[in-house]
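Take this structure, written in structure tokens, and hold onto it; I'll ask about it next.
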Amino acid sequence: MGRMSLAQSHNPAENTGAALELLDVLCTLLLGAEDELNGLDRAIGDGDHGGNLARASRSLSELRPELAELSMGEAVTRAGRAVVMSVGGASGPLYGTLLMEMGKALPDEPGPGDWAAAFAAGVDGVARRGRSAEGDKTMLDVLAPASRALSEEASADLHEALAAMRAAAEDGFETSRGLRAKRGRAAYVGERSVGHDDPGARSALLCVGAVADFLGENKG
Amino acid sequence: MGRMSLAQSHNPAENTGAALELLDVLCTLLLGAEDELNGLDRAIGDGDHGGNLARASRSLSELRPELAELSMGEAVTRAGRAVVMSVGGASGPLYGTLLMEMGKALPDEPGPGDWAAAFAAGVDGVARRGRSAEGDKTMLDVLAPASRALSEEASADLHEALAAMRAAAEDGFETSRGLRAKRGRAAYVGERSVGHDDPGARSALLCVGAVADFLGENKG
Amino acid sequence: MRKFLNNPADAVDESLRGFARCHADLVELVERPRYVKRQRLTQGKTAIISGGGSGHDPLHAGLVGRGMLDAAVPGEIFSSPSVEQILAAAEAVGGEAGLLCLIKNYSGDIMNFELAMEMFDRPHASVIIEDDIGAAGGDDTVGRRGVAGTVVVEKLAGAAAERGEGLEACAEIARRAAAATRTIGVALGGCQVPSADKANLELAPGEMEIGIGIHGEPGRRRAPIAPANEIVEELIEALIADFSPSPDDPLLLFVNGLGGTPPMETYIIYDAAARMLAARGLTVARSLVAPLVTSLEMPGASITLTKMEDGFLDLWDDPVVTPGLRWGA
Amino acid sequence: MRKFLNNPADAVDESLRGFARCHADLVELVERPRYVKRQRLTQGKTAIISGGGSGHDPLHAGLVGRGMLDAAVPGEIFSSPSVEQILAAAEAVGGEAGLLCLIKNYSGDIMNFELAMEMFDRPHASVIIEDDIGAAGGDDTVGRRGVAGTVVVEKLAGAAAERGEGLEACAEIARRAAAATRTIGVALGGCQVPSADKANLELAPGEMEIGIGIHGEPGRRRAPIAPANEIVEELIEALIADFSPSPDDPLLLFVNGLGGTPPMETYIIYDAAARMLAARGLTVARSLVAPLVTSLEMPGASITLTKMEDGFLDLWDDPVVTPGLRWGA
């Protein structure tokens, strides 16, 4: 029996169960990407983006039992709060805000449209919190187009929607490479950031891809 | 009429007059060697030996009227005191001590033997003041052998004595080049001083040579 | 790397442990979550905290003590502290008299302080410090950076709090001090974050960056290193052009070393700056020359001017007893 | 040269002018001949002067003030002051109560102080400071150098003089303090005298010199830069081997920055040193971490230990109010 998609079940506990599985997938992914992300951040930042997300992953894993008791929205909010609390730097408040705002926007039994709307709310929260916009060479260069694509396709077939989201994230990542950083530590190195991959954009791409895989698999 | 040698006249005023001419010669020489001596000191010291001796020369020139009123011994002592007072660093107290000790040793009407003895007393003073010895790669590598040669030949012909003093100074200078500095700032650079000319040895050589020229000319 | 380090990831912790051990009479380090607070808190006093990335010592931990900060929250090197750290510090020192957060204008700092204050339930206020005119024109991004002027704001607000002023009065002093303060820096070389690949600023030997930020952010102009007088002339011109002090404004002149520049040079800069201000008819009423907001081992310096408005001179002269700044007591 | 300079020949004068202007409440600069003295002298007090080459700020001029020096005599960079300077300073501050000269063990300093004292006709005494064990074994030349331990001797003797002790008592304190003090340094790079061709010490990137002198004199060992703990272990071992402190000796632990090393790193060194001393059962009774005896912009640090004999702890704690060191008042 395949895993349930996050959007399919009308049983909250199952939803949360699947969400926790996705959480595990993301945590494992980010722990595995620690060196890669640190390497990208070493080039134009301070070399800790991988470490920061590894710290986030570890604190989320610790939180797993607690999350299992919560509704979907509460769990996502709670996860965001944990990230915010423990990570520091720039990515802590940003990824934390993404999750907290998503959690607040989620109804008890979210459908695909709800997820798309929640994602959009989360991305809005990131931009507000970061006083930043797409094109600043940050995680937003991936998150914003991905969220837009998901919203546009949310009423269509889930597979198509996920594929569009992934494609938009990849495009955004490629475009971002050529930009000069205007936010975060990479802005300190100015022109030298051009041609480098932004570590936050990369971690966002990894996460968007993993979510698409996970939901696509479960759906299929 | 040729100039009087410092050792020839029985008239103190004439002695002092000739000594002041020698002082002028030495001051002019050292002012002209400022860049060369700074250059040598830049390589293994702090680049100020030429400047220090230029400062000494200027303060001695200012002192000229006062010196003219003094006996030979008093004048040389007074000149040494002026060098000591104004120069600082290592060469100030050392060249100043050389002159002060020479002045103290000079009788009112010095003959060649008295000058040789005074030079020896001055060199002793330098070694005591500097807690240093020939072979430490300093001005003593020139002054000590020059003084020894002069003392040994002092009873012989003045020309020969002066030639011996100059040759000993030159030999000492050549030998010194290959040594490692054990005193003064050059000792800070340790092995790196080997192969370089010591600035104080160079200034001592210049002075010894000029004295030999001056006295030889006046004698001939 | 020309640094005394063990595991680079432990540098901040080890350094703070040494700092706290050395200054145990004045400060106390809490390690988890990490913050530094005064050894003795004054009940009923408006509390002041600041914080931000490490690597700028003595800012901020070295400025904790009587007459200045109640707590400091050090992040990793050049990286904001977490919300957890800020909240813990706030809860440790901020009582019903209220808490003032002094925040340098960097998005990480602002985000983390903002989030922490959203979770903090006692009276509080925040003031953003953005004194750096270095990148003027070239910076389309994040507004002015907060740099050495932070010390001035912390000193003046700290003195007000020590005198027993309330939260709003202290915040108002901090706001006015921040508004009256301008800084511009110059670097003769870069600095190296231990965990990063390269120096934060790539200057060829003999080059300088005018308008440098305290993390090596680009300034307004790169040029061959000029004589000190010319450099200082350019910095003083820029400061005066930016906020036009008048001969009636008593000025604070603060020359700050960036970490790799020794006192001999910062005093040469100070001497030139003081002469140039006097030549323009301006009045240097107070002076400070010290490396207080450093950028790791960066060779460089900054000049800060503050217009000392009503009451500022007295607040400045009030006693301060911290590991990094100490007078009058 | 990565320096803020105008004409290199003017560097010391310009810097001192800035220094004196900035600290006019504490010190006064006399320019010809050059020396720095306290703004207010205490009649009938034993006077203490020190001096030597410049480039080691705040030593010595920055240590003039209450509880420490009465005057300092700065030579050119790394070069002794002249007899005229020393004599002028001696005559300005040394009265019938007597004058104590604290002299670092360099031949230029010794010669010039010696000559000046031969010309000085009031009561006086001199103490030579030679605390540097760095070159142990390798130095067949001039004995131990005087380095960071000078601060300790100046502080303890200065406190004794401030308490009203006579010349001989102050000299005795200085002699005992000098005998009870050992220092060893390490450099991660060289420093450059403005008027010289090359750096004073030629280290390849990634190399360190253990036992470095404060003018870049060679030490005992050159090696690849090691982790801080290993370096500190070697320095602490060397110090302990040299003068065998016992658990009954309360120790002063003083970590001194050499100019180009920022506080983060000196506190890492301090933390390691304090841990290692504790692990050996030794007692750190007092601590000081600051760049007080620098070598221009040299990246490096030194560790000084003093056995705090009877009375030293109280003298150490006595107030000191100087531009470079300040506490207790």
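Per-chain residue numbering starts at 1, and chain names A, B, C and D are given in the order in which the chains are listed.
Note that a residue touches a chain if its C-beta (ideal position, glycine included) is under 8 Å from a C-beta of that chain, and two chains touch if they have at least 3 such contacts.
The structure presented is a predicted model; accordingly, all values stated were derived computationally and were not measured.
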{"item": "Neighbouring chains shared between chain A and chain B, ordered by label", "value": "none"}
{"item": "Distance from chain D to chain B - Cα centre to Cα centre, in angstrom", "value": "34"}
{"item": "Distance from the mean Cα position of chain C to that of chain B, given in whole angstrom", "value": "56"}
{"item": "Cα-centroid distance, chain C relative to chain D, in whole angstrom", "value": "29"}
{"item": "Shared-contact residues (touching 2 or more other chains) in chain A", "value": "none"}
{"item": "Residue list for chain C, restricted to those that touch at least two other chains", "value": "none"}
{"item": "Chains touching one another, given as label pairs in label order", "value": "A-C, B-D, C-D"}
{"item": "Contact footprint of chain C on chain D as seen in their complex", "value": "1-6, 11-12, 14-19, 21-22, 54-55, 57-58, 62, 188-189, 205, 225, 227-229, 231, 259-272, 274, 287-289, 291, 294, 296-297, 299, 301, 326-327, 329"}
{"item": "List of chain A residues in touch with chain C within their complex", "value": "38, 42-43, 45-48, 51, 84-90, 92-94, 96-97, 129-132, 136, 182-185, 187-192"}
{"item": "For the chain C and chain A complex, residues of the former touching the latter", "value": "9, 75-85, 87, 107-108, 110-112, 114-115, 140-142, 193, 195-198, 200, 202, 213, 215-218"}
